[in-house]
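Okay, so chain A shows up in both of these, paired with chain B first and chain C after.
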Partner chain A sequence: MKTLEELAAIREKMKSKVVLREGSSDIRVVVGMATCGIAAGARPVLNAFVEEVAKENLSEKVTVTQTGCIGICQYEPVVEIFEAGKEKVTYVKMTAEKVKRVMDEHIKGGKPVAEYTIGNN
Partner chain B sequence: MIRTHVLICGGTGCTSSNSPAIRAAMEKEIAAKGLEEEVKVVQTGCFGLCALGPIMIVYPDGTFYSRVTEADVPEIVEEHLLKGRPVQRLVYNDTGDEKKVDGPVSLSETGFYKKQMRLALRNCGVIYPVVIDEYIVMDGYAALGKVLTEMTPEGSY
Partner chain C sequence: MKELSLNILDIAQNSVKAGASLIGIAIKEEGNTLSFEITDDGCGMKKEQVERLVDPFFTTRTTRSVGLGIPFLKLAAEQTGGSIEVESRSKDEFPEDHGTKVRAVFYKDSIDFTPMGDIVSTVISLIQGADGLDYEFSWINESGEASLSTREMREMLGDDLPLSSPEILAWASDYLSEQLTEIKINL
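Coming up: the complex of A and B.
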């Protein structure tokens, strides 16, 4: 290593490997992963969010975690999105396919996808 | 794709209270549950709370477990890593206040760390000290780089 640029390049390249440990970011995506959620297919949903966040280079802004039963088992897989200063958005009956749209329109675009939310199901 | 890091202290204190066996058990259990692609186990240096060891911290949620034993590992994997429910009886959440919180608190909110501002040791317990790239991500060598390339011996830019 000879220059500052090289140092910065390593830092950028490796960042995604450590950023998880910095804890809370602006947006939190929480997937319900109790037995009911898992049975309904919450794991592929969780993994789809993790992959999309990495792919879109949003690891510093968005954290993806799981939680236990939210209490609305008939609507699983349930995903809640928390954003500082905004009201929580609850998505129900999520699938890995729906994740892409939530990423594009909600996480990146700032507009929740109304038709996937609990009010509309 | 990795979504969770399980940091297990590999400092001297925790090593003597059995953390290597816990790490091995954790890796085995993660594999048994088919979570190798989702959960990564990271060995760290001393967190500074050796008396409460072996210490384990799960990110991104930052749940802080103390006095973990090998026997606790399957429960942590099944409940926390798979289902997202921290194992409450192992959670250390003493904030030093009279009012007890229920549920996990982050390391910096505990009574022991709350009033500390760690400088030289701020990466200790966060990175795997054997991998230099993890240090570089935490701005390692940045100050030295600046001194060598941008500053003069007189200390000005």
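Coming up: the complex of A and C.
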């Protein structure tokens, strides 16, 4: 059984790297989590990003955050990716499966997945 | 919404937007009913606002004129023969004791009962999105009680570690899944 006490061990392990992390992320992944997004399937998309970032050990470089409705409900789930010095990329009608490719090609490879972007939908 | 856990996520997001510092999510199964109550200490609403909540064309937003969260929840409850209830005390009128409580009751034996779905994902999504605010989650049924409290987590972690860190979210997800399995919830 998992216990609360295990958090003390996690704390010791994390202490050292936390200082580095705050505010130093280069890439921000923003998932729309208003009623429209949630109803369209944003929750698995958000969780897929969180899991992928953890799995790829990218949490110092990439932050995943949530936002409300940005007004294009028909395209939900919507994910916006902000990167310093680059134009914002808006992905639409996202799914957990599409997240994998965005992680590989865009977040890690630096090249947005054009066919998932709002311009192509 | 395909899962009640998505309604819970949606309603709890309203509490986040209301500036709450503590949000309670309490699910209870009794006989053939399932109910949940979402309470917060956010800015609350005035009486006229509460009265118009179930009207999809009423919203406090200025960007668009449709708000569907509460109407969706009302539909999900009423189609099973259940109901919803919203109580609120606005910060303006009750500066010392304000907040909102949304309660919904469902009849599980109704053919139109929406399944709970992935409640663990809902709780993890909420913790992920809300550093600096606390959640008290519980599910009580005849087999016992499952719970997760971010305050208890913070007591072990200290205040300087963000709950949204992947290591902590992974722990919370496993911990809650185990607790729910103990009280015989199918995940």
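Here, the second predicted complex is superposed on the first by the 99 of 121 C-alpha atoms of A that agree within 3 Å, B and C clash if a C-alpha of one lies under 4 Å from a C-alpha of the other, contacts with A are read in each partner's own complex, and residues count from 1 in each chain.
Quick note on the criterion: a residue touches a chain if its C-beta (ideal position, glycine included) is under 8 Å from a C-beta of that chain, and two chains touch if they have at least 3 such contacts.
All values reported here derive from a predicted model rather than from experimental measurement.
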| item | value |
| --- | --- |
| Touching partner for A:2 - first (chain B), second (chain C), both, neither | second |
| Chain B versus chain C as contact partner of A:44, first or second or both or neither | second |
| Contacts of A:66 with chain B and chain C, given as first, second, both or neither | both |
| First, second, both or neither for A:100, with chain B first and chain C second | neither |
| First, second, both or neither for A:34, with chain B first and chain C second | both |
| Chain B and chain C footprints on chain A, overlapping residues | 4, 7, 10-11, 14-15, 18, 33-35, 38, 46-47, 50-51, 54, 64-66, 68 |
| Residues of chain A touching chain C in the complex | 1-2, 4-8, 10-11, 13-15, 18, 33-36, 38-39, 43-44, 46-47, 50-51, 53-54, 59, 64-66, 68-69, 71 |
| Complex interface listing, chain A residues touching chain B | 3-4, 7, 10-11, 14-15, 17-21, 23-24, 31-35, 38, 46-47, 50-51, 54, 63-68 |
| For the chain B and chain A complex, residues of the former touching the latter | 1-5, 7, 38, 59-62, 82-85, 106, 126-127, 133-134, 136-139, 141-142, 145-146, 149 |
| Touching residues (chain side chain C, partner chain A) in the complex | 1, 6, 9-10, 13, 17, 63-64, 67-69, 72, 118, 121-122, 124-125, 128-129, 152-153, 156-158, 160-162, 165-171, 174-175, 178 |
